[in-house]
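Some structures to go through are shown next.
After this come two complexes, each holding subunit A, first together with subunit B and then together with subunit C.
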Partner chain A sequence: MYQFRLQAITSYFSSLPISIGTTLEITALALALSTPIGLLLAKARLSPSWPIASFARAYVELFRNIPLLVLLYVFFFGLAQIGLHLSNFWATIAALTTNAAAYCTEIFRSGYTTIPQGQREAARSLGLRGLHIEMFIVLPQVIRVIIPAYANQCIGVLIGSSIAAVIGVPELSDWMLATGSGSFRYMEAFLVAAVIYIVLCQAVAITMAAIDRRQRRLSTS
Partner chain B sequence: MQHRRSVFVALLGLGLAMIAPIGPRSPAYAQTNQILANVQKTGVLRIATVAGNPPYSAIKPDGQPEGYDIEIGQMLAAALKVKPQWIVVDSPGRITALQTGKADVSIADFTATIERSTAIAFTRPYLIVGSNYLVKKGSPLTDVTQVNKAGVKIGVPRGGTAEDIAARVTPNATVVRFNTVDDAFLALRSGQVDTQIVDSLQDAAFLAQAGADFRNLPGNWSYEEICLGVPAGDPDWLRVVDTFVRQLVGSGDDARLFKKYFGYNMPPL
Partner chain C sequence: MFAHGNVWDYWRVFLDGALMTLELSAIALLAGLVFGMIVGLARTYGPAPIRAICLCFTEAFRSTPPLLLFFGSYYGLSYATGVKLSPFEASVIAMVLEASAFISEVVRAAFRSIGRGQWDAALALGLGFWKALLTVVAPQSVRVLIPPTIGVYVAVLKDSSFASIVGLIELTRAGLLVRETVGDSLRVFLLLSLVYFVINFSISSAALRLERRFRFAA
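After this line comes the complex of A and B, so read on.
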């Protein structure tokens, strides 16, 4: 029977805040970069121009179908062999962003398809210009529709950031592996990391749910 | 609301699970004195080894392990008249596999340290190694003192003794941890790290093969006794495995295997 003792790893707790900070930093950066890319690609996918639409479609199919770990190896080891040196932190951001942008594209696209074409026509007949229709009529509704799916996406990126540990980025999973190997107490390290991931994901979920509720209230009032 | 309450209960449960079983100081895994009996009863010797660490141990594309340590494991199983079953782990997994009863013995370029000895038991050594800082031939680094600067990146496998050497010899440099020796080497080859701390014997075998592109920085930075690891708390099992190592070394089989896999004569023990 495994003798569980949390005290065995308490000396490793001091480096925990920095690790959590790095995990959040990776998540925030990857989301901040992948969301606008996803929005642009979704617009491209819905574009009447055949080459633009197929480019966006090819991007989604390509990067949604490559495992995150493979992308990470390509960005960290692969690019370096042809002379482009990304640090392990930025290789992680690049891998997460390209992967998340593919998913984000589909989320935005599903949002756009819920907006009836008649709204655009009505807005145009009222004299609004293309950009204004997009900014004030369509996009706010799209955002409202996609919030639950986007919340999922945020959690996916947060959890996906854990692969950074394989190329030694000092984030939460790296803390977990280092603590396990330093103290020979894997079970304790795994459980602490799992609980922290749950707390972080719940914080994201609760925040997004609050935004969702607020949006719904605004739209009905 | 229902959702939030259930999450709260789940977190509370996990939290309680973490603080509840705190007992007096005890090893992570309580061993019983019956590994030998189990091995003989099942007819299987479960051996933990690492992947990506040639010529000690590596996994072939067909999934079969090969190398110096692998053949030693096969000899141990043959001596006990049982079948070897390989369990592939990472560096620290060599210890946890023993602690958790997943493996009966770890054979994987395994250095005996005092720290590790507090968790598991080691046999006598069958090999003595040191360690080198390996760089690319064109690297501007010529000395270890130049490595000891912020911004210089050292690649090491996670949980191996290279981590301790980096902290002791070049504390100011940045350590980048990888899952295997091969991954750390890939990082050196692709220029993602500036140097790699390598086992000196592995290094010599490697330089003999691919020496054209790499060189060592002067100096040997460790004394490491490579041993077989067994779970703590089973002196009978340790006695059996240690006897095997004594005969492995004494009979000359050790030196013969070393020559076969490393390509040069084994340094004296």
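After this line comes the complex of A and C, so read on.
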């Protein structure tokens, strides 16, 4: 009869903090790279020039519809075949970034569509120029609008970072795979890793909700 | 690496894999609709303790990566219960849990979107709770519900690629197998990307058309 015993995997706990750190590192790096790309692609999608707009649209549709795992294989195994050897860490970052940028584009685009044209006209009548209007008038309002959607995006990237385990990056999911097959305590390893992921996601959600509330308070007062 | 033949010679493997992917995600969607509807309704209208339990269910399975769910249901459940699950059964369990969590969230949002006035009017006309829910609120919610549900289907279909790690021969695993035989990683994975793209893009384009139609009908 199976008995649930967490003590059976305590010897594996020493490598847990580093694994969590790697998971967070992958997530932060992929978000930091995909957010500016998403912003640029969103501007491209709203551009009046149709080749630019349709390029951005094609990018979004392509990378939203390919599973992360398959994207990872393309970057890790596929590119190696034509001589572009990415390490397992950077292949993960590449897959997560290209995928997240597609979602981020849609988030920024929906943010931009909520800004009334009057904001730009008012800024221009006050004597501001193109780039200044974008940077100081439009973008801050866009960021305020997209915070809740961006929170989900952060959580999505955090969850997606588990693909790294498939090609052996030593992060949290890889810790689970190694602990499970090392101790044959699969259920314990799964539950520990799942609880950590859930806690991390909730922490992100709570932080972003607090930022959102603060922004709202500041913008209404 | 040994190379045997061409990627295209193995189109049957890809076709079988794609059918398995579609079958798996369809089962996940249908079962997920049933469980997700129950959990979502309980979260919207249930008493406080049940609401709390359902919230935990949704949050837990939404924020556990699919890789973990497949691992947990294949290795974890087999070792914990002593019942040896086949890769297919384990994949179904993992995907149904994930789909239910996603859909319960969609259901909750859809039923929440129906104005308080609709409830007041239905109850004022003398309808009981269930009668009001089924004849007044539910028909209006379904319209709101369909587009995001198709979005969930695409998400679930993409996540079904993780079934390859428990050894189920679906589309991704089929690609990995062909890759081992042919040794042409780039072409295999680009072909996989293309097949997934075509399937998902057709589904989401159809969803968009459906959404437009429903919007005009409203």
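In the analysis below, the second predicted complex is superposed on the first by the 219 of 221 C-alpha atoms of A that agree within 3 Å, B and C clash if a C-alpha of one lies under 4 Å from a C-alpha of the other, contacts with A are read in each partner's own complex, and residues count from 1 in each chain.
Everything that follows uses one rule, which is that contacts are C-beta pairs under 8 Å (C-beta built on N, C-alpha and C of every residue); 3 or more make two chains touch, one makes a residue touch a chain.
This structure is a prediction, so every number in the text was calculated from the model and none was measured.
Within the superposed three-chain model, A:Ala28 lies out of touch with both subunit B and subunit C [touch as defined at top]. Applying the stated contact rule after C-alpha superposition, one finds that A:Leu68 touches subunit C and leaves subunit B untouched. Of the two partner chains, neither subunit B nor subunit C is touched by A:Ile37. Look at A:Ile211: by the touch rule set out above, it reaches neither subunit B nor subunit C. Within the superposed three-chain model, A:Ala80 lies in touch with subunit B and with subunit C [touch as defined at top].
Applying the stated contact rule after C-alpha superposition, one finds that A:Val166 touches each of subunit B and subunit C. Of the two partner chains placed by superposition, A:Leu16 touches none, neither subunit B nor subunit C. In the overlay built on the shared chain, the residue A:Leu139 is in contact with neither subunit B nor subunit C.
Which of subunit B and subunit C touches more residues of subunit A: that partner is C. Of the two partner chains placed around the shared chain by superposition, subunit C is the only one that A:Ala193 touches, whereas subunit B remains out of contact. Once both structures are placed on chain A, subunit A residues 1-2, 4, 77-78, 80-81, 166, 177, 180, 184-187, 191, 194, 198, 202 are touched by subunit B and, in the other complex, by subunit C. Taken together, the subunit A residues at the contact with subunit C in this complex read 1-2, 4, 61-62, 64-71, 73-74, 77-82, 155, 159-163, 165-166, 173, 176-177, 180, 184-187, 189-191, 193-194, 197-198, 200-202.
Contact residues of subunit A toward subunit B in the complex are 1-8, 76-78, 80-81, 85, 88, 166-168, 174, 177-178, 180-182, 184-188, 191-192, 194-195, 198-199, 202, 206.
If you check the complex, the residues on subunit C that touch subunit A are 59-60, 62-68, 71-72, 75-82, 154, 158-162, 164-165, 172, 175-176, 179, 184-186, 188-190, 192-193, 196-197, 200-201, 204. Taken together, the subunit B residues at the contact with subunit A in this complex read 4, 7, 10-11, 14-15, 17-19, 21-23, 25-30, 91-92, 95-96, 99-100, 116, 119, 158-159, 175-179, 183, 186-187, 189-192.
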